[in-house]
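What follows is a single structure, and I will ask about it in a moment.
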């Protein structure tokens, strides 16, 4: 009985009470978001009246504002004419102007209908896990998309992948295309209140140029030695860029197709080296950072002093309006959980990649719209180690191309056939650059010829090291590749690795022979070019023996040619590519997006920014 | 997994000298006769184990080879459990998966018994080594099993061998503690004193007198470890550090099949069901053994 | 007693030290490190190496460990390698979620486990007993994440009773807080609840055979009174001792539900940190679990000694 009496000290309850106390203590510590000042919100509603936005739509339909910058160039051309004494210069210049006009003529204007835009609300969207918020430090791809809401670049791509000015207002170039002068929009302020100046642009670009594929190709690879001197801030809003060599991709190198590494940031960020990762996330964009809980969510809210670039909205370019008060970028690690949350209405948009089988599970939900976007194709390829001991033999690479069944591999990765396509061309299919040169062996599934090549190369029984990232998108197709390799008489040593371990195995230790991966593909030689071409050998810079590839690329990037002439070169590049096979393309997977019907203004593209979207009034 | 159970095994009651293994097996047989649920559990265990062993005979499709043309087919006469997203027969994968799970469970149980017995006996008999061994055991127990497994698997890479190693390491301290407790209480017993008196050596005493006396507790612990390992294998697969992705293991099947719960539930349902049944059966057998071998253990394990 | 407590606290130090060394060694042996997580085709090997140098990851393991240990002893848990956030700041907002899950998991397991175990003991070896025990074994046998998906499908999508993902902090109201935790906590409490039920049952059966229970019955006390007042109070001692271990079991369980229900808790932080080789975070969290383990056990032992005067340390 004694024991029983003492037990009245409710031991279990004591522990429970301690835990509850801790829980309570925590809640008092976590500061809940202070509600945004309502008065300000209402003011904004007045500032962006519905009528004005509808006007935008009319503008879009009738005129193409984009021609303006080209006119500027024309003026410049005339200025140059005065000191120039030869007619040849003038002719060259005229050609260039014509070319640029041709580009603008191709623009198809995106029709944007703002029927009933509404301010307010919070959009909840999935995001991939990011390690840091720095837009220039290695690994910025992971945070690039959410960063486009906070930060802006000098130029940005529109829906047709043409560069459009964002922070820049106008620019002009000398007749030889070597000196570029840019003028910034006035009145743009960073979220910290500092005005954005030419010095910030120069500083920001210098910070990234070392490892940004395009800018370093533009500036660094075309000359030797110190290239910092090629950027100068002339005055508060003007800066100059000096090139040593004519280049065909100047403006697009300030943009990137899905992510933007060249964000313009304040001095507090650009004055630090890239390895000194900076997580302040201050920019000039329509949203500003509220809170970042690493591994969980990034919360941004409307930046009230935002100065939008002019022009019709088109993907990442043109006018931006932050209709939503807040956007929450949430990390939901599990795809099945993402689907459940979207169906339950706890998420509004799935922006993280998901396969066709997952899309199929949401198709029948009346509250969800699935977009399968053909712009956002990911190229699935085999990367054989061309400097290794097995696949240094071109016959082994050719055998892979002959044997691998594209349809089966793509189905394993992306699901039913409406979520991918086979593409025989080296250049992304359905683009201007698509070509059928030397494509006969693609998806031939000719095991006999492949086997003969393997035997000829003496590789029967060779041990192929295959590091596989533990991602279904990669590991499922890898299983089929493994079976085919075994059918060809090779021995596959399969190794499941998480991202960090995979990088160590492949990059640092260089212990691999082949792996399957997806990249963004070759949509356009002038977007992301150096990245793709130099990294064709993945870690070993690729160059073909005859140097044909390099010569062709050089011409493409530094000669002023017509589109037809450029196409001829890209066809030649494709021919060399398929002869040498630095990588073996398998097919193209589409990008899937899922969005709740209450989100309006959603125009599917390879990624969809969360500005210019609003939440419908009901629910 | 067996967090609660294994740790509760700290103190073990004093046990009288026993007639040895033969009487114990008689107890086991009697237990089966008296306990129908245990018998049912044993039958389920036997069916799943035998079918796993006989997998090549009783399945009609390759458990690894993909066949994309037949992907995501619902259960049919040809594919009893349907096919998965790569067109592999789920029935074949599930039956072969039993092999992996059984192999993992049995190996872990053996390693845990062997390692636990060794460290427990050493710690129980050698006062100098007792401290260090128990401190390390404490530290290992202070990691929740799965966290330790995750860290080790991340360090050594995901393979069946590593899973076994990981689970054995995290199971060993519990067993070592149990054995040590037994040894500490038994070494003062008369029959051990008697054996010493007639000149028996320490290893002999340990082997012939102490080890058999821990038999009951060890069998029950082993069944818990066995069952726990099978569940843990699935848990590790969920965290992405399980068996190689192409290998048919119940964990892999359930984890990969969860993405298809809304459209093709059979991919994860059948292996999930089999796993649950198997673990259920082993636990029921363990309970029965515990009751039969040593009713006093009932409270501890 | 005080001496005993002091000794136990001293004994915990080597455990913590061993945990720290094991953790550090494991994370280090693992291929890859934090800098490699940032690799992409756009990044050169040199940049990754530069980043490793700037993070101090290129130093020998022993140097890194000593560096970490010295700072730890000074009370500095360090910062996440890439997020640059102090580990403490990373843990704070997540602590609430994990503590809440553990709390409700504990409540659910006690509320389910103890009455079920008592009922089973009351009708020992009867049909109810068998049914309850089978249910308990089932709770031990089913993988929790698998069950979690089935629950989401049933109680968030088919019947929209509970949110499918996420955690609502307690400051948003008690009811939303509980709703967001109900499913995950129920799922993880099945396992611990089963352990409780089994434990309660066997202890009760034992106690019911004791002399004083027989005396109480002989005195003519009502069966319910005998059962609850006399038998259960005594049976609860070993049940209390289990609390600590169940607590640790729940911490493991939270990892799964935090992933399935996308709850930002310490379990997910740890899994992410292990995968990203973010040593300061892994170290801090595993030390925390080890500390909780050691001290929960200590508290349990103290309570044990307090309620049962026969026990002397």
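We call the chains A, B and C, going by the order they appear; numbering starts again at 1 in every chain.
Throughout what follows, a contact is a pair of C-beta atoms (placed from the backbone, for glycine too) under 8 Å apart; a residue touches a chain by one contact, two chains touch by 3 or more.
None of these values were measured; they are calculated from a predicted model.
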When A-B and B-C are ranked by contacting C-beta pairs, first place goes to B-C
Which chain's C-alpha centroid is most distant from that of chain A? B
Which integer distance in Å separates the CA centroid of chain A from that of chain C? 40
Just curious, how far off is chain B from chain A if you go by their C-alpha centres, in Å? 48
Cα centroid separation between chain B and chain C, in whole Å? 21
Listing for chain C: what residues touch at least two other chains? 30-31, 149, 153, 259, 275
Residue numbers in chain B touching two or more further chains are 154, 157, 240, 258, 261-262
Give me the residues of chain A that touch two or more other chains. 336, 497-498, 501
Chain C partner, complex, touching residues on chain B are 1, 3-5, 7-8, 37, 135-136, 138-147, 150-152, 154-157, 227, 231, 234-235, 238-240, 254, 258, 261-262, 268, 272, 275-276, 279-280, 283-284, 287, 298-299
Help me check something: in the complex, which residues belonging to chain C touch chain B? 14-15, 18-19, 22-23, 26-27, 29-31, 130, 133-134, 137-138, 140-146, 149-150, 153, 192, 195, 199, 202-203, 205-206, 238, 241-242, 245-246, 248-249, 251-252, 255-256, 259, 270-271, 274-275, 282, 286, 289-290, 293-294
The residues of chain A that touch chain C in their complex are 1-4, 6-7, 9, 11-12, 14-16, 19-20, 22-24, 26-30, 32, 129, 131-132, 137-139, 141, 210-213, 261, 273-277, 279, 293-297, 330-334, 336-337, 340-341, 343-344, 346-347, 497-505, 507-508, 519, 531, 535, 538-539
If you look only at chain A, which of its residues touch chain B in the complex? 335-336, 339, 357-358, 360-361, 407-408, 411-412, 415, 468, 470, 472, 475-476, 479-480, 482-483, 494-498, 501
Under the touch definition given earlier, write down the residues of chain C that touch chain A in their complex. 30-45, 47-48, 50-51, 53-54, 80, 82-85, 90, 92-96, 99-100, 102-103, 106-107, 110, 149, 152-153, 156-157, 160, 163-166, 169-172, 212, 229-230, 233-234, 236-237, 240, 243, 247, 259-262, 264, 268-269, 272, 275-277, 296, 299, 303, 306-309
